[in-house]
Amino acid sequence: MNSMNSIYENLKSKFNILGVDYPDDMQMAIDLDEKDIHTVIVYLKSIGYTQLSMLTCVDWIKEGVFQLVYIVFNWDNGIHILVRTKLDRENPKFRTIVEIYPGAQFYERDVHEFFGVEFEGNEISYKNLFLELWDDMPPMRKDFDPQKYSDEKYAAREYKSKFISEVGGEK
Amino acid sequence: MNIMNFIYAFLLLVFVFLFQTSITGINRKVMARLQRRRGPKWYQQFIDIFKAMSKSSTTHGWIFDFGVIMALGGIMATTILIPIGPFKAFADVDNIFIVSYLLAVGMLGMAMSASGSGNPWASIGVSRALTNMLAYDVPFMVLIVSFIYAFKTSSLSGFAALQQGAGILGWNFFRFPLGGIVALICLQGMLGKKPFDSFIAPAEIASGPMVEYGGRHLGMLFLLHEFSTFIEVSIIVHIFFGGGATPLEFMVKYALLYTFMNIISGVFPRFKIDQAVKFYYKVPLALAFIQGLIIIFTGLGVS
Amino acid sequence: MKIISNNSKTDKEDMRKIWEKIGDYFRANSIWMKWYCTGCGAIELPPTMTSRFDMERLGMGPMATPRQADVLLITGYLSSKTLRRIIYSYEQMQDPKYVVGFGSCTINGGIYYDSYATMKQLDNYLPVDLYIAGCMPRPEAVMNGFDTLISMIKKGEANGWKHYKENYDWYSRNQLHSLGEVYVKDEFHE
Amino acid sequence: MDFNALILFMVFSAVLSYLVSKSNIKLGAYSTILFSLISLIILFLGRNNIGNEFSLLYMNFRVTAIGWYFSLIMILIYSMTAFFNPYWMEKILYPSSYNFLYLFSLAATVGLFFAADLITLFIFWEVVVWSSTFIVPLGKSRKAAVVYFTISSIGSMATLFAIMFVYSKSGTFDINEAFKFLASEPLTATFVFFTFITAGLTKIGIFPFHIWLPLAHGNAPHTFSPVLSGGLVKMGAFIAYLSVGILPAYKAFSTSMTIMGIPFQIYLLMVLGAISIVVGTLMAIKQDDVKKLIAYSSVANGGYILIGILMMDQVTFAGSLMHIFNHAIASAAAFLTIAAIAHRTKTTKISELGGMIHKMPVSYVVYLISIISLAGIPPMGGFVSKWLIVQGLASKGLIFIAFAAFFGSIGSFLYVFRPLAGLFLGQLAPKYENIKPSTLVMKIPMVILASMSVFFGIFPKYLLETIGEIQTSIGIDPIMINGDTITTINGVLNTNKVAAIFGFGFVISLMIFLVLPKSRKVGLMDTYTSAEFIYTPELYHYANSFYAPFERLYKNHPSVEKFLGKFAVKTEELGILVNSLFFSHKPSVTVLWVMAIATLIFLGGVDI
Amino acid sequence: MTNPVLLIVVPLLLAFLSVALKNNKKQLLFIAAVFNVVGVFIIENGSYVIGGFRAPYGINLNLDAYSHLAVLVINILFLLIITMSNEKTKEFSTVLLVALAGLNGMLLTGDLFNLFVFLEIVSITGYILSTESKKYKYSFNYLILGTIGSGLYLFGLIILYAIFGSLNMADISFKMLSYDTGKLVVPIFLMFIGLAVEAKLIPFNGWVRGVYGNANSLIGSLFASVYAGTILFVFGRVFGQVLVLSEYLVAVFVAIGVITLIAGEVAAFSKNKIREILLFSSIAQSGLVALLFVTGLIFPTVLQLLNNIITKAVMFTIAGKISDDADTDEADKLKGIFANNKIIGVSFTVSALSLIGLPLFYGFYSKINLLLGLFSKINYFVAAFILLATIIEGAYFIRLLVKLWTPGEEGKESNIKFVTDRKVEFDFNKKVIAFMLSLIILLAGISPSLVKTNLFAMNKLLNEENPSYMFELKGGM
């Protein structure tokens, strides 16, 4: 735990950290403002966090905000650092980090496809990755109703007898 | 060369089809029992062939069809050349070189139509098949040359006749044990059985040349496979196991040898094609040369 | 469970010609599978093939390409991408061909009923001759299903492929409605 | 009319075609066709000329049976290939001199086959060499011409040395008498045998001298490489025949040590032939350029021919003579089809072509027949000659040569099939979508050559009877053939019966095919791609490095080309050394040399 | 009836005249050359005494079949070369006249010392001509070596004179028969060095590269054919017929000749400039001719000599003209130069092929006789070396010809757009004469009897000891 504190103190001295959290042992989450994400990530990479394990996005629909989470990992001390920031949900735009971690290219593409976050500087992120001929809003957003989409897209089987409903499985 | 010969030839073809397909059916049951399964009905092979023939099929152009027809025609012609015991459809055509080169017509016809289908898997399969042929054929032919030199004949019935007299030990298999081993290994390659069947590998290249065949083409190619198996096994039976004084004796020897080869193939994994070539040009070729030199220089076993 | 075949012909009055009967006998006793291993059901097939259940007894065996296969086994949920490939591969098979749907995902979408990616009813898109229920049927159920399929073929009832040919436009309308288009140009291959 | 007029006619026809093509090149090309056909007819009808002698200036000729046979093959190849000349006229830099050299080299080859004395033989040999040397650079490579000339001149200089040596010993140049004295002197006979046959080895392209074949055939103009590989290679076979048939090789070497029953000198050359079969086959399997591939196959088939001729016995010799004919037609036909394709698609690389069968079906059928004959597969002529050679080898028990022969014939399945699959079958690239098939004039020679292969495959009687006559004229017992049944000591081949059986089998399988339910026509792109959608045919065509696993086995093999290349570089360095040593501009160097030589001489035992 | 001395005197006279009549020097030169050519046909064989003193004291001109042919060929070639590049003769007319006199003198003289005098005259004109290329370092080199050579020749001659007391060739050769040749190694070897320098044999030809390499079309072909021809004829006379060489000396000279042959061919193989290739080829050819004269073959050697000088005349003129106009003679820069002047191309090719000795050309006829002679003298190694040299020679000539005829990069069809952009125009007389010479070569190759008839005189003298190719076959045509 103390190594975690020393890292936190080191970061706190350098950057304006909004909040800190320890979701798990060997894991530390720090919240940052949107504009100094890049500087922190560059710094972290320079002090040994050479692997970008994960970039994902969390949709806080109630707060009307997308939360980008960058998880970097240091192979020497085995510590994951979650660098988190919040983006406006209406038009989520962010700068790409492909120059820092080239591997981020596909993560950004995935986030763009399923959440609609724009990453300038990474043209490929605008192409679709998993979904083929997708014609609706990005599906991982909370306001997307898969059930409705599925019923409208894929005709379901009508059952003459109401067998399922008697058992109490309300639709 | 009168009309009777051609009728005999047709009867020979029908007989070979019935005999060989049932042997294959029995062998499938034997293979199943090898894997502790019940295995299919003995006449399952017939059903498969007729089922394939009953289905509709697609074609990729005239060369796709012509290749299959030419292949089956070539192989049927080679089958006609093969003597069964004393019975021969045509007199003195069963020269070993004619048989092995006419066999190549079948191979070439199938290769042509497979490549004509435009599927790269077919071409890869064909290239492997031809490399495989280069591997197994050369040691066998070197062996045959020394036999021709020793026995002064190159016709199958001639070879068989020479071995009739002295019972089991009179067979070439026992007079030239090294040659016998080489022959069996080469037979395994000829039949395209397990260790050397990289050219019809279903998982790797979607059954190689057969990838685009369906319906009647597939049925005809099953027929081709039956006939070419008959040719290859009967060559070895004639040269190494003394042919057959009576057709029945020939059929029994044939069945035993074919089942033996199937059992061997049941337990082998599959060689990569260059491993197969390397293997053939090490062990069998060396044995063939040793056996050949023994025959030519010492004449041991020939008398 | 039999398909609610919507062709009007009852199975008593047999209109097939003698030649087709013989053909059906052969086709029934030698069925080659093109199993497309889409979902979790594929793992059920090896046990049916090996020593305990040995489907070769019924004359069935795996074949590498659709051209040589008779029956297309759909063994699991079908996402829209996989469905496109299934339809393309089905059309490459030679007539007469049969489709067997394994598991509840092909019958009514199963546990993925509300997913935006998986289809909910296979026979909207392909003429399914036989469904085998179960959230992946065990080998006994599979063998039982195959047995039913064989008797259907013998009696000439497995005419899904004819049905597909006759009302192809109904099928393609469904397909286009669900998938947008079947033949796509995806970036990863060319 | 006697053949003196024939050779004169050919030389004048060469000059005439030069003048005609000066005015109009297309007409000049057609004149080459006309003149070569006329000379073919004259030669064919003049069969009764065998035996008579005539002379021209200081060169004198004698028409022998084997000379007539060889020149018939040669003129046939020349005339068939001439049909392609009109289409290459605007592509070639000097069309008129091309036509002249084309017919002139033809006249020289015919003169060579009828030579009565060694000097005439050598004169026409060298004329063919330099006249074809000036045609080769008109194609794709200048280096090819230099390599071709150097290696040919190595061979011809060795032969000239042998001729002069023989003349100084026997006092006469006449072919029949000059070598007689060798029968009694085995040592000199060995020396003369090896030096005299070198020219033949270089021309056939036997192992150490084979490097010019792929260079020259691969890069020569498309209409000349069929002649190079079909025709000119056979001149080497004629020299090989001379050095074994006329020069009493077997008598002279009867006392020397024998390997497997063959005198070691002849066995050594047979081993060279065997090596060139194996090398030719292995290299041919690897090639991507079809012309180089067929050139290497000529190296392999040259090996067969040399082995056959060296055996000088009833079966193998007949086999090799027939193989000369079969290989000439088959490789010429194959080259012509490739030329027809190159005429339309401007390339002969397999990886750049594909699916030509849809656009040029006739060339496909001709190519198919010629490669079946090249590979020696039954219904075609190639099978009969290869069967004879193999029967002969088996009866003599030459197991190592037989190994090479089988490796060559089965290897030939591989390399003949590579262009078939890569070039003709498979996916048709869209850029060749609208090419036109080969023109009618191109089709005539192709069809003739292909039908000849088939005809002599089924009825080899006509060919083998003439070969039998040749064998009797040389003094070995002729091949036993009565009505298409060839009997050898340990094998019988009846080509009619085999062909009939093949036809019967074909008919049955055709009936089976027609009885079964019809099939639906489907495009080439609609194939099983494990359900992935494909759109670009070029990517989907499998032609590049067709036998990759097999080629990997002998990837880094020692190559003769590099060795001789280094040899050339060494001579150049020697030249520079000599240049700096002797020819430096400083007079002091010369004075130094003068003093050195003077002291050397004076020390050398001089008593004033 | 007319005295051959006129061939020497008239050119000398005209040389002095040309100093006076400055402006029409060219016409005088032309007159002298024509006179000499005509004169050769008029004079008869025999020995002509000069200045009243009878041999062996006075000087006599020995005009037998050998020197008759030599003079004939040299004068014709001299005339042809002058007409071929007559636009360049204006500047050097007087020197050429003196050279003509000297050349004829060398060939005709029967006296060794007289030979030295004419050798000096010819060498001097050679030094002057070599200055034309403005490369004085090479001319200086040529001057030094030339004078050393003739000095040693004179020194050897003095020793001979001391021994035999006379300078007349016939007298010395008669006395030598009875003299023990072992003792004569020093004078003969010194005389050999003297002539070897001019005859371009291996250790003594340092000067050749500089002089021949930069000579223009007139000077180049003069040196390569006329000068070389005369020297080799004289070499043949002195070492072939006059001096009797001991076995040891013959072996040494043959060795030198063979080394020159092989070294010249290999050096030519490594060169890329046209004139350098030609000069090394002429070094090799002169080595070949020298070694054959020494082995005692006369008739075939003369044939080979003719072949060499005729082809060299044509090739050097063309090469000189090309390098003058295109100011480079790098073969790579001149790719396809023959494409737009075909006649020159054909004559260059014919002479190159004849030089290699390919059939249907005159060179083949001489090579066959060459080999016949050598084989009859049972030295196989020399024949083998000659054939090896022919292979190398064939290789580099064909490489050159292929470059000049068919331009194009490797792997692409050769066609007109690859032709070099350097323009070379050949004027009319070059074209006509070059083509005529190549025609002669071709005709002489096709029917050697043509060469036979006008050499009949020559033949009578020499036909006894070495078999001539023509006799065996046709029984003396």
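Note that the chains take the letters A, B, C, D and E in the order they are written out, and that residue 1 is the start of every chain.
Just so it is clear, a contact is a pair of C-beta atoms (placed from the backbone, for glycine too) under 8 Å apart; a residue touches a chain by one contact, two chains touch by 3 or more.
Here the structure is a predicted model, which means the values were calculated and not measured.
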Contact clusters after notional removal of chain D: A, B, C | E
Steps needed, at fewest, to go from chain C to chain D via touching chains: 1
From chain C, the most remote chain by mean C-alpha position: E
Most contacted chain pair (by C-beta pair count): B-D
Taking each chain's C-alpha mean as its centre, the one farthest from chain A: E
Chain ID, smallest distance between chain and overall C-alpha centroids: D
Centroid spacing, where centroids are CA-atom means, of chain B and chain E in whole angstrom: 76
Inter-centroid spacing, chain D versus chain B (mean Cα positions, whole Å): 35
Inter-centroid spacing, chain B versus chain A (mean Cα positions, whole Å): 63
Separation of mean Cα positions, chain E and chain D [Å, integer]: 43
Set of chain B residues in contact with two or more other chains: 54-58, 206, 211-212, 215
Multi-partner residues of chain E (at least 2 other chains): none
Touching two or more other chains - residue numbers and ranges from chain A: none
Interchain pairs in contact, sorted by label: A-C, B-C, B-D, C-D, D-E
Chain A residues touching chain C - in the complex, by the definition given at the top: 127, 131-133, 135-136, 139, 144, 146-147, 149-150, 153-157
Interfacial residue positions of chain D with respect to chain C in the complex: 526, 528, 531-536, 539
Of all residues in chain C, those that touch chain A in their complex: 80-81, 84, 107-109, 113-121, 124, 174, 177-181, 184, 186-187
Interface residues, chain B side, partner chain D - complex: 1, 6, 9-10, 13, 53-61, 63, 65, 68-70, 72-81, 90, 92-93, 95, 97-98, 101-102, 104-105, 107-108, 111-112, 115-121, 123-124, 126-128, 130-131, 133-134, 137-138, 141-142, 144-146, 148-149, 151-155, 206, 211-212, 215-217, 219-220, 223, 272-274, 277-278, 289, 292-293, 296
Chain D-facing residues of chain E, complex: 137-138, 141, 144-145, 148, 152, 182-183, 185-186, 189, 193, 202-210, 248, 252, 256, 263, 266-271, 339, 353, 358-360, 364, 368, 371-372, 374-376, 378, 380, 383-384, 387-388, 390-392, 394-395, 398-399, 401-403, 405-406, 408, 410-416, 446-449, 470, 473-474
